[in-house]
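All remarks here apply to the structure that follows.
Chain nomenclature is as follows: A, B, C, D, E and F, assigned in order of appearance, with residue numbering initiated at 1 for each chain independently.
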Amino acid sequence: MKVCRRETFNSAHRLFNPDWSDEKNFEVFGKCSNPNFHGHNYVLETWVEGDIDSETGYVIDLKYLKDIIRNEICERFDHRNLNLDCVEFHSLKPSAENIALVIWNILRTHLDNRYKLSVRLWETENNSVEYSGH
Amino acid sequence: MKVCRRETFNSAHRLFNPDWSDEKNFEVFGKCSNPNFHGHNYVLETWVEGDIDSETGYVIDLKYLKDIIRNEICERFDHRNLNLDCVEFHSLKPSAENIALVIWNILRTHLDNRYKLSVRLWETENNSVEYSGH
Amino acid sequence: MKVCRRETFNSAHRLFNPDWSDEKNFEVFGKCSNPNFHGHNYVLETWVEGDIDSETGYVIDLKYLKDIIRNEICERFDHRNLNLDCVEFHSLKPSAENIALVIWNILRTHLDNRYKLSVRLWETENNSVEYSGH
Amino acid sequence: MKVCRRETFNSAHRLFNPDWSDEKNFEVFGKCSNPNFHGHNYVLETWVEGDIDSETGYVIDLKYLKDIIRNEICERFDHRNLNLDCVEFHSLKPSAENIALVIWNILRTHLDNRYKLSVRLWETENNSVEYSGH
Amino acid sequence: MKVCRRETFNSAHRLFNPDWSDEKNFEVFGKCSNPNFHGHNYVLETWVEGDIDSETGYVIDLKYLKDIIRNEICERFDHRNLNLDCVEFHSLKPSAENIALVIWNILRTHLDNRYKLSVRLWETENNSVEYSGH
Amino acid sequence: MKVCRRETFNSAHRLFNPDWSDEKNFEVFGKCSNPNFHGHNYVLETWVEGDIDSETGYVIDLKYLKDIIRNEICERFDHRNLNLDCVEFHSLKPSAENIALVIWNILRTHLDNRYKLSVRLWETENNSVEYSGH
């Protein structure tokens, strides 16, 4: 049985590779490399898989899961500049893939090992990624 | 090949454990334990996996699947109080997890064994569960 | 300039007219008259019209508007039985129309007179109402 | 790590089996067998699974994936009659299942073998299919 | 007080002007003039404005409104070719604007004069029209 | 008859008043005043009201309207920092209200006077504004 909680956060970011010229960055990342940043409303689905607790009928209390997501993810990334404000992306490009990876790693440390964890992240209504661990 | 049919039903429910005090119920279930019930618009996705029939191009006729879902699930739960009106939840807490489990078990008996079955159930736009059998 | 804030609440309710027989109630309200209630995820859009304040760029601070809606509407109706728990509906049928009317009247008292107010309420994804005052 | 791109196309189609009588076609396919066709706004999610490239932070450049989908799928099927205009469906019924199968086979030839590929196709908001290869 | 019912229908159509050459039709209507048609999932919102009936709490019974829309609009246009199957469009181009106009005129004859009527029609998720009468 | 085209753009921005201290800015704008910016996926509906042209069945060619919106609005604001990159907001706070006002004024100059114009802009799924001119 899997349960899913959906939360959102709004951030600025920029995609560029400091080892490359501005021309190569623009060639690869297009307008995503704009030096002054752009931004997104990120939508995050957090999926937790486990057994139903017969006393509560829950796999995990979704209010508890919501609190973890809000405290550990939204507080960290919402209304931030991922490149400048967030230490997680000082040496890692804040692509949707890497943001999902970082989120998965953070949430993993806050969930009991008996749970499987998967995250899906929408950067726009047309672009999304999903990560379930290695 | 998987096919999916989406249907909805609107029900009242309450989460509480009769073995616990009102205080403990409120502590665990919060306002979901309100004695006079609250309610949701449940959204149900039913996923059926199988081979394509070359005569029809269908895995399963979605009109046939729709009829099963409406007759066996929506007729049973729509505009009902899950706790009071539905025998399935007289001794089982109507959490989203348990509702999905009950729905899966009902639908399983109405589908040929050559099909795999999975259900996803949204309780709100932010909370959902998924069950694919044991 | 109009601004809009969207919030949700989840409630149980029942439609019936105490002056009518059960048969007439079922004839008019159908399964909405189920004695044990059913429920909905209500979606509420609150529209406020006014001039832009040049110091803030806001018509009204949407965080302030959100707080009013959550404190005055969601606190009152979320995870409640509208018929049993909410004095507003002791002598008023909790149809979507009347819920919107009640919400409009409550919000009106909390907003400065220089603002025009309108509310849209979805009972299901297919049924909604809108009220802009008399 | 999986990434997903969502695109749409609008097509006319008709479901019928040329080996059957009109009566049998109507019995099996209902109004989907209307001789003059009907149509849908198809929504296509293309899922690609692979490793993150450390230089770009991408599994695959979504602009590149978007171009493949638009050039190979949307150009072929958008504003077309699938039965009459599209050679892929001259001897294959354009059911959602078969459309997804055809799309998967086309996209597969345009993606490096190191990627896994999956497609999800909505024919209506209530009916969808998913195919991940054989 | 306004109430709204949402329904859908799926149709094929083609935009072309019989007084023009194929070249001019393609110049003006682009791929919408494809001779073999294309199609859409149309989404229709029907808005009815009136006073609340104190006995029911309704402006109009939405089940009654739903039946009118399904019988008079969906039955007529769903799984049809608007150009070939529907007499309403034999001499009128089935643009979204004209479809909305035709729907408004049909529904108007089925609603009491004390109601105001407005329709909104989505042809795609990005294109829609709205008509409230002349 | 009104027609509507929906487009999107993704931008970074920051709300702050240069006449105020950082403390007052944080007090009024909260985390929206973060010096390093944050961002949004803006969704823009452009509504144009006019008469149906009998030769085309259109109020306005939505492809033509789409091109105006993409060339004049999306090109200007998509993947930009509204505060730093866009001259329109050098002395105007980029609140949703002011962005809608600026968009309306730009689009107004590109549309024939016989059309009425209205824009709706979503900053998040819960916050939106609407402007129809003065």
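The criterion applied here is as follows: contacts are C-beta pairs under 8 Å (C-beta built on N, C-alpha and C of every residue); 3 or more make two chains touch, one makes a residue touch a chain.
Note that the structure is predicted; figures quoted are calculated from it, not measured.
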item	value
Topological distance between chain A and chain D, in contact steps	1
Cα superposition angle of chain C on its copy chain D, in degrees to the nearest 5	180
Between the pairs A-F and A-B, the one where more C-beta pairs touch	A-F
Chain centre separation in whole Å, for chain E relative to chain D (CA means)	27
Centroid distance [mean C-alpha coordinates] between chain F and chain D, Å	34
Multi-partner residues of chain E (at least 2 other chains)	125
Contact graph of the chains (line, ring, star, complete, other)	other
Pairwise chain contacts, counting only pairs that touch as defined	A-B, A-D, A-F, B-C, B-D, C-E, C-F, D-E, E-F
Chain C to chain F touching residues, read off their complex	1-7, 47, 52, 55-59, 61-63, 66
Chain E residues within the chain D interface of the complex	8, 10-13, 31-32, 34, 36-41, 78-81, 84-85, 124-125
Complex contacts: residues of chain E adjacent to chain F	15, 17, 19, 28-30, 92-98, 100-101, 125-131
